[in-house]
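Only one structure is covered here, and it is reproduced in the block below.
The letters A, B, C, D and E name the chains in turn, as written, and every chain counts its residues from 1.
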Amino acid sequence: MVQIDKVNKSYGGTQVLFDIDLEVSQGETVCIIGPSGSGKSTLLRCVNYLEEINSGQIWVDHDLVGYRVAGGRLHELRENEACKQRVDIGMVFQNFNLFPHMTAIDNITLGPILAKRISKANARKAAQELLNRVGLGGKEHHYPSQLSGGQQQRVAIARALAMEPKVMLFDEPTSALDPELVGEVLAVMKDLAQSGSTTMLVVTHEIGFAREVADRVVFMDAGRIVEVGSPSELLDTPKEERTRAFLSAVLA
Amino acid sequence: MSRDRADARRAIPARTRVTSRRGAGPPTTFEEHVMNKETPDTGVITQMERQVREEVDLSAKVVPVRHWGRGVLTVIVALIALQITWALATNEHIHWEVVASHLFSGSILNGLWVTLQLTALSLVISLVLAVIAAVLRMSKSKVVSGVSFAYVFFFRAIPLIVLLIFVGNLGLFVTELTLGIPFTEIVFFSIPVNQVFTPFVASVVGLSLAASAYMSEIVRAGLLSVNRGQYAAAMALGLDRGKTLRYIVIPQAMRVIIPPMGNEFITMLKMSALVSVIAGGDLLTAAQAISGVNYRTIELLIVATIWYIVVIIVVSVFQYFIERRTAEK
Amino acid sequence: EGPGETQDFSQELHDMLPEHIRAAGVISVAGAFDNPPNLYADTTDTTKANGIAPDLAEAMGELLGVEFQWVNTQWPGQLPGLDAGTYDLIWGQASVTEEREREIIDLIPYTQTVLGWLVPAGNPLDLSGWESACGKRIGITVGAIFAEILADASEDYCTSQGQPAIEVSEFQGSEHTAILSNNIDAGIDSYPVLSGTANEHPDDFTAVQMPEDESFEYYSGLAGIGISKQNPELANALAEAMLVLYENGSLESIYAEYDAVDQIPDTELIGVNPLTQTPAGEIESA
Amino acid sequence: MSRDRADARRAIPARTRVTSRRGAGPPTTFEEHVMNKETPDTGVITQMERQVREEVDLSAKVVPVRHWGRGVLTVIVALIALQITWALATNEHIHWEVVASHLFSGSILNGLWVTLQLTALSLVISLVLAVIAAVLRMSKSKVVSGVSFAYVFFFRAIPLIVLLIFVGNLGLFVTELTLGIPFTEIVFFSIPVNQVFTPFVASVVGLSLAASAYMSEIVRAGLLSVNRGQYAAAMALGLDRGKTLRYIVIPQAMRVIIPPMGNEFITMLKMSALVSVIAGGDLLTAAQAISGVNYRTIELLIVATIWYIVVIIVVSVFQYFIERRTAEK
Amino acid sequence: MVQIDKVNKSYGGTQVLFDIDLEVSQGETVCIIGPSGSGKSTLLRCVNYLEEINSGQIWVDHDLVGYRVAGGRLHELRENEACKQRVDIGMVFQNFNLFPHMTAIDNITLGPILAKRISKANARKAAQELLNRVGLGGKEHHYPSQLSGGQQQRVAIARALAMEPKVMLFDEPTSALDPELVGEVLAVMKDLAQSGSTTMLVVTHEIGFAREVADRVVFMDAGRIVEVGSPSELLDTPKEERTRAFLSAVLA
């Protein structure tokens, strides 16, 4: 479903991703862990074409991210084509990034109405169902500022799901939450992962969550993938020294 | 927060209960006790101290901070205001009956109307131009952002009076407004320039160009003030640049844009007086025209000032409500 | 290098001056330096005044034993400055009218001119008398007395005769440009001022003198020195000095320098408030 | 970021390696393959697909996005700029030799000097007043903040020309500047007002008062922009209000204050032309005085405009470096 | 050392602290835990007189916070007197609140020089020692933006210590940090607590830390102190239902 091939990415002079290779199959949940600044967010942003890569290729469901093939040539995408591509990729951000001037339901229906041109009524019906699914039935008309952090993040997840994306990207979805509120967001994500139909790429610091729901765990450091493995392999018997050091610091 | 503090200050005396010397006589006085730093600090409050504290009743005696400075300031300000009012009201050089008789005179109200029209029209047009200039300025293309930069620089740098003279006298440069291919003979459409650029149109154009340059910097600051995460979230939903601006960024930028627009509106209102160089017929010009005949300069300037103040008050109230609405959520 | 002959100091005139001016030895004058040939700036030092008025002032200063200090002040600042005592005189383009003499300031005329039109070179619209201006677009300076004159003339010569009215636009000092750009058909001002312009730009402008009888029908054509009604001694002293210059011929030689002898007012108009004979310092309500 | 993107765009063609149809011939064409949505989605990339992708070489063939719109804009802008330059340069009404001969004439340079002095002095004074007004405005005391509000409102509302006439002719109201107790006979000190308020002083005072009112809103926005946590941290260290402002808040507020100050500086530069109403001798007045004699209005306005633009460029460069310095950390 | 007596505090109409009673003795370390919005930060801010209380009293080392006693009366403190009082109370904030326009060492010496009028040379010497103590020797001339979160927070601790306060208040000092960086800050605090000479009041979500270093743990909820006890009592065998619920959510 997602294939990342020898991706390199620099900001100005400094390279932040080095030859990243990663494959995620349909329905799989992959968790990415790693220290701050290791390039986890950057990788997700490249998959969503929020950043351009310097070399390598990223494929999402047989589409080359950022390019179109026609007449035997690769054409860079124009902005509106890139927009269409992003419709297939849902993203949940660390700071929720809900639109503060819109109610929960307006946040959720905005994308379907504007980018997918779904009728307002249908969009609202679907949004209502999603809100129920993330446990927020009854909060339709609350503004983000009237919701707790955990509730805001659940709205954000519903907003991404409303686009019916092929892949969901999560960038530290719980690290801006109060500890008491982390659980409710993880529960929603667990649900999603275990339904088996959603392909998920999750950057997280919640080792317990990764252990429980990930099909595979990726450890990144300094812009490289250091180690990939099943949760038990990577978390309990890491092969690399760097992974061990990180895990001992985090689990301390 | 300041109101909460004031409430708190008032509330404390009534509720605080600390024993005084006059209270149920503890062995040392309260002050000595509190001040006595020699008391060995055991780190644990002794039972005796506890009791002292609980029994002290100073409820009637809390002395709030006196802000002498504020009192003095109040008196000084009041005196100055009084003196200025007095000086203005009784000044032999100012004939208030002249002010009164002109305040609602036809030519003054006409001038006011022209000023309001000029200001309102220019405000709307310049706002649109400012948004365009600000968006172009943030374009990734060097050419596009360069054009916007040059536009803003040029129209901020050229004195308004010069701009107005040029725009108001376009006939100096071209006699016909022609749509065609430059440096060729091909012409699609042509109209005498003075027919299009009446003094009023020229005034609006000149004011709008100048104001849009100033405003674009404000709009740009507003657009930049919107969290980058909002752009990312909108893009991730598949919204294109235009929709992101329209539905996500501009509504949020309004909060930052509107307050300094107050300054700009007032500046524009005042600037509109400059259109007299191209025969604009605005409020201040009308006042000066009358004073040129009846030689009551000060009185007519006061008339104009009163009207400006009225307009500014009305707009400020309006702005206050818009700000409240954009800040609400 | 002042024109005309040097004047002899007159103790008698000096003693007519008010105490504070004698003490200071200076009379400060406000005027806008934009009105050649009467008052204009020295192009090498724009804070220095040139023209008929400054030359007259210099001659009067020699008579009175005081110095005149000229300050370039836009019209809106002139009257308040006079009231405030910032300036002792305003001198430049204050037109003499009966109402002003009676109610506002004391006026001593120093020049009398007929009106004229400034038109594009060759006078294509053939402007001359009031009638020829009917339906034309005429530009004036904001605050000038011409607004009132044109309104009256338009009534008498045009609208009451079934002709279209004279269209008036008020400008702040850019009428010339407006004529060039064909925004207006003509400007109106005193003829000597306009002929100065036309002489500088013969390719662009022509100055047309209005028939004298029509010009004086609405307006004396007098421009005067304005003195605060608080300051009658000064007005009387200046009027006396003006008379001395008139009688000893200095006035004529100064005007001759500017080729403007025909601007010298008639004898009976020399003095304080000649139109109404209001005594200096007095306010007479109409 | 825009630069990074551009770099990336350039970099991709050289490095991307994808096989073309001309490459080592896979069974289906590359396009058909990629477009073929019927291919059953097993969720796992087949070995064949892998190979296709790895062997395709499109390095010579990536087609970057063509921004036709930008090209067209560039051409249009260039044509307009050219036409305006042409119109100005060849216009029969504009005598460029007159512009050249006056550009460095003594009286123009004198006027420029007066304008610079006025602007610089007023800028400094109004900045100080603006900071005071902004700080007072944020006072907890209603009286104090009310006074500041009234100050700002009043001096923004009154037209500058009126303010200048009043300040320049304070003699209208008072003839002596007296320090004493109002409404009594007690006088400590007295001096004729016209002696203190020379036209230059009055101009500086008038400009400073007006500008300070506009600026105080900018300064206030700057002070408010500093994170509340910074105030709390400074207070927790035992710094009083004054020291907190001086060492913590103002240095950080500068970042927000300086950019809009560019607008204000330019406005002030232009406003200084209004002092001619009380005898300023500034640049624009000098230019107009000369044109009153030689009747070259447009040429002399161009001379003034050139100098204004020069000053604004110099100040903008200066501002750019200050902004860089305050933004550095 | 710190005594809080029947303290009530409202913001506008809503009361956020109800009859808070708490005593902290010299050298003691007290940890405060509790859900978001329970008033933990507000309580610390009242102790430091960053907020005024509506009723009750707070004593720090025999000084009544916010009042001065003279002539048998309670005088509200003027601002400069309140400033002097705050000198005795060090505070470390969740978001560090370092002064971004000053280097590490300038951040630390600012208070001593301006508020305690210590000579610049002495202040710098002391600051240097403190920086070494928190493991940041060599970072004197770095600006906050050039330091990692953990390093910034350690500078903030050094800044508070530089005032030689009688009490140190910590408001969630690690919750804005990346998980890998939490350890280094907790280590510094542990050091401080175990030196035994510093009186510490710590709001934290790090249950492990509280267990290890606290002399007593306080659980707050909805503006009230629900339960106080030794770490083992409160964390392992909480008496109150509410405490149990909170702990199970956080430790999940």
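In the analysis below, contacts are C-beta pairs under 8 Å (C-beta built on N, C-alpha and C of every residue); 3 or more make two chains touch, one makes a residue touch a chain.
Remember, predicted model here, so these are calculated numbers, not experimental data.
Novice: Compute the shortest path length in steps from chain A to chain C over the network of touching chains.
Specialist: Step count on the best path from chain A to chain C: 2.
Novice: Between chain C and chain E, what's the gap in Å when you average each chain's C-alpha atoms?
Specialist: The answer is 80 Å.
Novice: Please work out the Cα centroid separation of chain A and chain B, and write it as a whole number of Å.
Specialist: For chain A versus chain B, the centre distance works out to 42 Å.
Novice: Where the centres are mean C-alpha positions, what is the separation of chain B from chain D, in Å?
Specialist: 16
Novice: Return the distance between the CA-based centres of chain B and chain E, expressed in whole Å.
Specialist: For chain B versus chain E, the centre distance works out to 40 Å.
Novice: Residue numbers in chain A touching 2 or more other chains?
Specialist: Residues: none.
Novice: Among the residues of chain B, which ones contact at least 2 other chains?
Specialist: Within chain B, the residues that touch at least two other chains are 5, 93, 165, 172, 297-298, 301.
Novice: Which residues of chain C are in contact with two or more other chains?
Specialist: Residue numbers touching two or more other chains: 76, 80, 83-84, 173-174, 177, 180.
Novice: For this structure, enumerate the chain pairs that meet the touch criterion.
Specialist: Chain pairs that touch: A-B, A-D, A-E, B-C, B-D, B-E, C-D, D-E.
Novice: Enumerate the contact residues on chain B facing chain A in the complex.
Specialist: Where chain B meets chain A, its residues are 227, 229-230, 232-241, 243, 247-248, 251-252, 329.
Novice: Within the complex, which stretch of chain A touches chain D?
Specialist: That would be residues 1, 3, 5, 10-12, 23, 25-28, 52-57, 59, 61-64, 67, 69-70, 72-78, 199 of chain A.
Novice: Could you pull out which chain D residues touch chain A in their complex?
Specialist: 3-5, 7-9, 11-12, 15-16, 18, 20-22, 30-31, 34-37, 39, 41-45, 53, 58, 61-65
Novice: Of all residues in chain B, which touch chain D in the complex?
Specialist: Residue positions touching the partner: 2, 5-6, 67, 70, 73-74, 77, 79, 83, 87-88, 91, 93-94, 140-141, 143-144, 147, 153, 156-162, 165, 172-174, 182, 214, 217-218, 221, 259-260, 262-263, 266-267, 270, 273, 284, 297-298, 301-302, 304-305, 308-309, 312-313, 316.
Novice: Hey, which residues of chain E end up touching chain A in the complex?
Specialist: Touching chain A: residues 35-36, 148-149, 178-181, 183, 205, 246, 249-250, 252 of chain E.
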